[in-house]
Structures are given as structure tokens and as C-alpha cells.
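Before anything else, here's the structure in question.
Order as written gives the chain letters A, B, C and D; numbering starts at 1 within each chain.
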Amino acid sequence: MRENLPVLQVVVPLLAAPLAFLVRRPRLSWLVALGAAFWAFFAALSLLTGVLASGAIGYEIGGWEPPWGIEYRIDELSAWVLVIVSGIAAVVLPFARASVEREIERDRIPLFYTALILCMTGLLGIAATGDVFNVFVFLEISSLSAYGLIAMGQNRRALTSSYQYLIMGSVGATFIVIGIGLMYSMTGTLNMADLAERLPAVAASRTIPVAFAFLAVGVSLKLALFPLHLWLPNAYTYAPSAVTAFIASTATKVAVYMLLRFFFTVFGAAFSFEVMHLDRILMPLALVAIVAMSLVAINQENGKRLLAYSSVAQIGYMVLGISLASVLGVAAGVLHLFNHALMKGSLFMAMGCVMYRVGSCRVEAMAGLGKTMPFTMAAFVVGGLSLIGVPLTVGFISKWYLVQAALEKGMWGIAAVVLLGSLLALAYVWKVVEVAYFRPPPDGPGVREAPLSLLIPTWVLVAANLWFGIDAKTTAGVALRAARMLLGAGS
Amino acid sequence: MAAVAIALPALGAFVVLALGKWPNAREAATLTTGVALFALVVSMIHPVEDGTGQGWTLLEVLPGVTLGLEVEPLGLVFALVASLLWPVTSLYAIGYMRGHHEENQTRFYFFFAIAISAAMGVAFSANLFTLFAFYEILTLCTFPLVTHHGTEEARKAGRVYLGILLTTSVGFQLLAIIWTWQIAGTVDFRPGGILAGTASKGVLSALLVLFVFGVGKAAVMPFHRWLPAAMVAPTPVSALLHAVAVVKAGVFTILKVAVYVFGLDLLGTLSSTPWLAWAAAATIILGSLVAFTKDNLKARLAYSTISQLSYIVLGALLANEAGIIGGGMHIAMHAFGKITLFFGAGAVLVAAHETDISRMHGLGRTMPITFGAFFVGALSIIGVPPAGGAWSKWFLGLGTLEAGQLGLLATLMVSSLLSLVYLLEVPVRAFFGRPPEDAHHPEGIHEAPLPSLIAIVFTALATLTLFVHPGLLHDLMTMVVSR
Amino acid sequence: MDDRVILRVGAKVLIPFILLFALYVQFHGDYGPGGGFQAGVIFAAGFVLYALVYGLGNAKKVMPPAVVHVCSALGVMIFAGTGVVTMLLGGGFLDYNALAHDPHHGQHWGIFSVEAGVLVTVFGVMVSIFYAFAGRRSS
Amino acid sequence: MRLLGYFNYWIVVALMMIGFYTMISRGNLVKKLVGLSVFQTSVMILYISLGKIFGGTAPILLEGEEHVVYTNPIPSVLILTAIVVGVATLAVGLALVVRIHEAYGTIEEDEIHVQDDVM
């Protein structure tokens, strides 16, 4: 059982997805999905402890040795991402039951859970596999189910948002395939470790830089790096609440994982940053993303949309850390992967609670919620403080490393922009807080606090925000190990 | 023990929350916690005097970065002042809040207690990270107090308050802390400092600038606007938090950074130190001048606070023992003096519904105790015997002489003269002025509610006592510089 | 519809052969070009032709949408289930050698069952896509 | 002549640009999908042409013929997967267009924007 864990991590959810569809009853399919998510979470945790104890785990599918067969390869980074994705799924699913019953027609609920589990499967697969073409396949599995999930939103604009995402996502994925194909044409292999070995020999050709460029654009599209983020705000805004909470905290994170995998593991940091100068593109874009998208977020009138733009800005932080290409910088990026998943998860789930009771996420509609839904708004405040980076929350830990990484390189301006971003975050978080706490609730039937089945998962994530902000040794340790591994600096 | 000192008010806060429906029990809880906290802090004096102060590491947040507590003399001074004045202010607040029919009183007492808990955390923190964490908590938990009334004006003030305090702390102070960590490899407070010899003088000078302006709570101009803005809060908040706990947390941080991060020897050699000292001096004078122009009593007191806070910043930047001793003592002296003044202002508001100085003529006759106490407080701020403020000004003056900065000494003198005028104007008008014709004070103005009156008299007497017995403070501060 | 005799008769003749050919492609996949994917599409094409000629209603009687949906889910389970079975038998995921004592037979059975899964899924998905689009009434 | 030797790449690039341009320039949602499809297909051709060897046969082992040149089967296998993905994407896309048509009564992008702005 244990030696098969790398593949079971992906296969069990893959089996659960059709099962969730076959059982047909909403409640049952929810149970199936819940079981799959918890299974994935425990498997991921056990993989992470395994990797931390004894190094990377390889798994040959069908007993075919790499590079002929497909290899699954779990190292510190992939185990980390597996934990993030499955952990968020395990929290979002208990939340989803009530929320989905409110937002989605009954006969579509089994389909919804099937798609959600498929989406999780795809994301887990991307993290687990050691084969670049497999990355593409899993990417499309997760994306296609994500398109479907987003289209299930109540507003008809969910449809156009999903369509927009589909077009841009497919273009991104196709770019990635082109990049993979060009790499294959030069090396004749698709295995990541094998590619990493063979690429340096052909790196001087014209094909490899082209492949590099295609991959860079494709991955940037998927991770919504400014200015390729256009699909994201609409998609997050109009998707059902549970979907937003799940996708916002996982999908872009996995895209960042792809970025790390392609440019550190496959191409190697030396080629990516010293020959191709990836940082010269990523860093300015990340900085612009942090500032511009935070400013845009301040002007949003819809809570979910506000958080969506904030997500684009936060992705800027991760990319910024990565573009520093130092152990500390990459560690900051990897750490922020986890930390941002926690904070955006809790924030979007708080929004889901608001949606459940109020039926709208407009900032205006949240007037007086500080009184009527105290626990929901308290969760929002804590998540928001984390986003700002107040000490003793996870956001602070990310910022601590990011600023340190910038200072280490003597990049003053960057440290300043990171901190400026925090202040802009303060502005948009406070916009919601002020309305919720200082505006009197509208007349008419009062709003009640969200039910416990929504509140408990939300607060689990909020507690995680605090817990990992107070005791960040483990998370920072894993992030540093992953960064050292990626940069080949030994652990 | 330090952890208990932080936990106690936090615990008290939740008791307050639980007792929200029974106001008397709720207030009893606040007072009991306050007295217990003060007793606890007092019990720490002996170990510290014997030199057996301890450190505790609560937990390691990041490798090398810990949430740690430590009882040392400087922190003890701050803790003593804050914990003594908390129950006193609570007593005052009971009279004020009920007399003024304020809403959301439970929330008020809750956040009040949390703020004290955070102030204790600031006082006992063993490293910059812990201090920063509690510093930010203090900012955030005082926000609901500043915006207590929930009006448009209060919200605007709250925005300014939060905006400036968080901008400076996140933008400058955090940067300075991370930078310190980067070059020194530690953020612990150590006698003699941790930065000596770690980086070039230029870098350290820049770092000092970041620290001084990063501690927005010290209200060095141009980052002072939040303090007058915070005056929309109910008066007990202005009294305890914006004359004692919050602002003193700021100057306390600067003292701590000066003594335990830079070290006096290093501080004296940095090129930015004299410049910053002059910035503090400018704040002293400008604050006093602006105070002149304010007719609103609380606003005037706020600008006076800005001016007085820079005395302490200046003391720290003199980089000699007398300066630090004077600065540390001024934390206590100014606290008792200014809180008395605020209590007076609040009492006038509750009893006579007046906020403007120009309309306080003749009120002294109906409220003699209040204005008598106000007079004593004013003396302390001005720095003349027989009030405690004389001692701290004495040491600050010594410090400037020792540093050979006659210009700074002159600044202190001028500012004292200015405060003499703008503070004494109030009791003089009250006692000797004629009530204005159009004043339609409600019939039967009398003294403030009894609990408030007790508090006012207590702090006024304490101000006088500190003149006679400044020994403890002086001893503790001497320990700080000789450690 | 009724007067298109040639179409109806032609379809009637063709459809069995189409289905049979699909099965041939499926089972010959071990030895020559072919396999579950192509077979599934061809099989589905037979049904689509039936639906086109005889009407959607009749097609749905022959192959109810519920069954089609079950098919598309079931195939995935057959595929992944094969992998799980190999694991239960002590091999790795999709390690067909574990399916029988003789690795040659194991490979044979493994590929057969995986291809069967693919056939079922592809058939199910193709027909359900057709149903979904053809079943829409223009509003 | 050398340029002509790369004719397969020229075709791929031409198709890719046609698809991409269609996707960007057309406001009709179905036409966009057609563009996407052409775009994806061009990549499939790229893969297949990478593996093709002139004179090579299908990679099937037959007894007695051991020294034949095979076309590399792996790109074909990969692209089989990509085709499935492409079909699925197209199906999802068209399904969305159908639903959009039901919700908005149009599949022209600008008309949809107008309707959204009114709300």
C-alpha cells in the first residue's frame, strides 16, 4: 500500500469521480467526494513525511522504467503542493454541502461533485507526475472540469466567464504542448529528470529557447500573471462559492508549481535565469501586478471580485520571490503558495457564508454584517489581516521571507514595493470591514449567522492562518528545503 | 510571570465579554483584573532590582525568530505605569461612560482590556519581532475604540489612525526589523546592542532613521496626524491609550531600540543621530505651537502630547545616560500628568458638555476639584516643582548639556514656556474668567460623577507624590543604562 | 422521414456492420492498429447514424441517456480499477504482469481490460455529447 | 530551397496564426472556437511531422522484416491524447455557447457585453 501511495494519491480520486456521478443522490455523491478528498489529504501528508524523512520517491507506472514509461515523482515541492491541494479540498468539501445545495440545482449536484473531484485529481496529478506530457494531460483534466464548475454559477455571466477562461486556458495549454513538443524534438524524452540531463547538450540550439518561451507564456497564462490575468477576476466572481474557494486557493498555486518545475527542474535555474534571463520578464511583471492589481482591487464593488484582483496581486508576490532566483526568494514564493492558499481559502469561504445568507457579494450588501453575522465577518477580518501581513498570521511569515530575500540581494525598491502592497491590501480589506461594521444593516428581514456547517470549515482555515503564522518552523523548513532542492544547493 | 501579565488582561477581556449583560459585574471584572495586574507587575520589581529578571521563550516562530518575553527595568517602568493607570482609568471610565450614556460599553471594555494586554506584551517583549507583533495588535485593537461612536467623523479618524500607524510600522519599522535580522542575525534585545560592528555607519544610520520614523506611535512629525485624529474616541481612551499606553509604547520602542539594539556607544557615533534629535526638537516646538492654536481642549492636549513624546525621543537620541534616564522617567511623569489633564477634559465634557477652552470661563467655581487637579497635571507637564515632571525635565536638560547641545537645551526651555502658557490658560480661565453671556449650561452643573472624581484626584496626587519619591523610577532607569 | 426508404434501408444494413467493425477494431487492437478509443468512436458513430435516420426518440429508447451516462463513468472505473487490481495483486499500478502467472498473458488481459474501459467511456461520452446537443430545442 | 525543406513547419505556423487570429479578431463565440480548434490542430500536425520519417512504416513488428525504418510512434500516441483533449475542450466550449445563447439570445461578444453593462 505504502509503496503505491504516489499513484494512489491520484487514482483514488480518479475512481471517486465517476463513482460520485454513479451514485446519483446528492448527499451520497457528496460523501464520495468527501471521502476522496480526505483520502488524498492523508495520502499527501504521509507522502510529505515520507519525502522529508527519506528523500524523493519515484514510482514507475506499469513497471516501465523511466524514461520509457511514465514516472511519478514526489519530492519536497510536489509533496508540498499535494498537501495544499488536498488539504484545501478536504476543508472546502464539508463547506460545499450546504453552500452547493443553496446555489446549484439539485439534479446537477452529483455532476458538480464529479467535476470538483476531477479538478482535484488533475491538480494532484500535475504535482505528482514526473512526465511533462502527463502534466499537460492532467492540466487539461483540471481545467476542463474547472470550466464546467465555473459555468454552474448562478449568474448568467458565469457562462461567459467560463467561456473566456476556456479560450484563454486552452491557448495557454496549447502553448505548453508546443513547448513540450519542441523539447521532445530535441531530446527525445518526456521524463523531467531525463530532460534535465539532456537539455544542456542542446541548449545552444534555436529550438530550446523557443520551447522555453512557449512554456513561459503558457504557464504565465495559467497562473494569471499580469497582464495575462484577464480570465481570472470574472471566473472567480461568478463561480459558485465553494468552487471559488477551491480554485482560488489551488489552481493558480499548481500553475506556480508548474513554473517552478519547468524552469528550475527541467531547464535548470542556471539556464532559465542566467541564459534566458527569465527574471527580467517576471520581476517587472510581478511588481506591476502587486501594485496595479491591488489598486484595481480597491475600486471593486463586489467582494469576490475584489478578492480575485487581490489574488492576481498575490500571485505577483509568489512570482516575485521566484524571480529572485535565490534560495530565500524561492522559499518565500513556495511558502507564500501555502500561506496564500490558507488566507484566500478562508476569505472566499467567508464570502461564501455571506453569499449563503445575503445572496450577494456586493460590498454594499454587506452593510451591518459585523453585527448580524459576527463569526463570518470575524473570519473575514482575520483572513484580511493575514492578507495585509500582520504579525502572527501567515501573511507576515511570507512577507518576512520575501523582504529578507530582496534585502539579501540589495534590492531596496523591491522590498519597498512588497511593503507597499501590504498597505494597499489594507485599503481594500478595510473597505469591506468598514461597510460591514460601521454601516447599519438595511431594513427588512434580518440576516442570521451562517450555519455551522459553513462556519466550522471557514474557521478551520482561519485557525490554520493563525497557527502557521505563530509556528512557522515546519512550513518555512519545508519551503527552504524545497527551494534548496530546486536550486540544486543540496539539502 | 510576564506571560501571566499578558494573559491576565486578555482573560479579563473575555470575562468582560461574558458578563456583558450585567454592567456592574462587568465593571467589577475590569477593576479586579486591573488591580490584580498591577499587583502582579509590582511583584516583579524585586526580582528586577536584584538583577534576577528572567527571560522566557514562548515559541519559535521561525528558526531563530522567537516569541519571547523578558522582564527588564525599562519594560518594567512602562508596565508599572500602564498597569497602575488601567484600573484608575477604568474607574474613571465607569463614571464617564455611564454619565455620557455611551453605547456598546461591553465592546469598549473588551478592547480596552485587550489593548492593555498588548501593551504588557510590548513592555515585556524580549526581541524586536515580539515587540512588533504586540505593537501591531495594539494598533488594531485600539481601532474599534477610536471609531467607537461609529459616526462618519469617527470612521474618517479611524482611517487616518490605522493608515498612518500601519503605514509607518509596515513600511519602515518592519523593513528595519528585517534588515536588522539580515545584518545582525538576531533581533533580540541585548544590553549594549546587537548592531555594533555589523555594518557600515551609513547603513546603520539609515536603519536608525527607519526605526525612528517607523515607530509611528512616537508621533515624530510628520507622522503625528493620527494622534489628534484619535481624539474622537471617548475620553478614557484618549486618556489611557493616547496619553499612556499606545503613545508610550511608541517612545518605549524607541528607547528600547536605542539602548538594546543600537547601544548608546554606537548610537552616539551615527551621523543620523543628531539630525533625528533635531527632528524631535522641531516636533517639540511645532507641537507646542500648534497646541496654542487649538481651542478644543482635547485637541490641544493631543498636540501637547505630540510635543512631549518627542522629549522622550530626544532623550533617547542624546545617546547618553542622563538622556535615557530622563526619557524613561518622562514616560511615567508625562503619563500621570497627561492622564490627569485628559480626565479633567472628560469631566468637563460629561458635567458641562463643553469642549472648547474659550467657553470654560468660570467653570472652575462649580468644578473646583477637577480644575484643581488639572492645574497639578499642567504643572507636571510644564516641568515645575512640586510635580513629578520636574525630575524628568531635569535629567533631559542634563543630557543635552552632557551632549554639548545647547540648542537642544534651549528648545526644551522654550517648549516649557510655551506649555506654561497654553496649559495654564485653561485653569486660569476656569477659575478667574467670567462665564460667557451666551453660555447656556444646563442647570446645576456640579462635579463629575464620583468614580471619575476619585480617579482624577488619584492621578493628581500621584503626580505630586512622584516629585517627592522619584527614587524607584530613577533606580530602574539607572539599571537600564548600566546593564 | 418515412419516405426516405433508401436511407432507412441503407442504414439498417450498415449499422450492424459498423458495430461489428468497432468490435473488430477493439479486439484486434492487440495485434494491429486499433484499440478502445477508435472502437468507441466507431461504435458511437453507429448509434449516431441510427439516431440521425430513425430519430432521437427511437435512439433514446434503444440506448437511454441514463445508460449512456453510466457507461461514460463506468469506463473510467474499469480503466483505473484495472490498475488498482494489479496493485492488489502485488504489482504496481497498471503493472499487467501481475494479472496472470505468465507475464505474456498478464499483459494480454491487462491491455484488454484497459481497452475495454476506454471503449465504454469513449462510447458513452460520444453518445452523450450527441444527445446533449441534438436534444436541445431551439428557443 | 532550404526554406522549402521546412515546409511542414511553414504549414504549422500558417495554421497556427490563422487559428490564433480568428480567435482574437472574431466576436462570434462559435467562430472563436473554430479558431481555437484550428490552432490546436496545427500543434497536432507539428507533433506528427516531428515523428514522421520519409519511407518509414508503421511501427509494427512483423516477422522477417527486422531492419525497416519506423516512424516514431510516440508523437502519434501523444497527439492521440491531445486530440481527445481537443475534442473535450471543443465540446465543453460549444456546450457553453449553447447555454450562453439560451441566456443571452445571442452569441456575438459585443452584444453580450452590451447586455451585461445594462444590468
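As a working rule, contacts are C-beta pairs under 8 Å (C-beta built on N, C-alpha and C of every residue); 3 or more make two chains touch, one makes a residue touch a chain.
The shown structure was predicted, so the numbers you read here are calculated from the model rather than taken from an experiment.
K.L.:
Is the number of contacting C-beta pairs greater for A-C or for C-D?
P.N.:
A-C
K.L.:
Can you give the whole-Å distance between the Cα centres of chain B and chain C?
P.N.:
Centre-to-centre distance between chain B and chain C: 79 Å.
K.L.:
Averaging over Cα atoms per chain, report the distance between chain B and chain D in Å.
P.N.:
70
K.L.:
Can you compute the centre-to-centre distance for chain A and chain C, using the mean CA position of each chain? Integer Å is fine.
P.N.:
For chain A versus chain C, the centre distance works out to 36 Å.
K.L.:
Report, in whole Å, the distance between the mean C-alpha point of chain C and the mean C-alpha point of chain D.
P.N.:
Averaging C-alpha atoms per chain gives centres 24 Å apart.
K.L.:
Going by the touch definition at the top, which pairs of chains touch each other?
P.N.:
A-B, A-C, A-D, C-D
K.L.:
Considering the complex alone, what residue numbers of chain C touch chain A?
P.N.:
69-70, 72-74, 76-77, 80-81, 83-84, 87, 91-97
K.L.:
Under the touch definition given earlier, write down the residues of chain A that touch chain D in their complex.
P.N.:
By the definition above, chain A touches chain D via 133, 136-137, 140, 144, 147-148, 151, 156-157, 159-160, 162-163, 166-167, 170-171, 173-174, 177-178, 181, 184-185, 190.
K.L.:
If you look only at chain C, which of its residues touch chain D in the complex?
P.N.:
Per the touch definition, chain C meets chain D at residues 32-33, 37, 129, 132-133, 136, 139.
K.L.:
List the residues on chain D that touch chain A in their complex, please.
P.N.:
Chain D reaches chain A through residues 20, 23, 29, 32-33, 36, 39-40, 43, 46-47, 50, 74-75, 78, 81-82, 85, 88-89, 92-93, 96-97, 99-100, 103-104, 112, 116.
K.L.:
Which residues, counting only chain A, touch chain C once they are in their complex?
P.N.:
Residues of chain A touching chain C: 4, 7-8, 11, 14-15, 17-19, 21-22, 59-63, 114.
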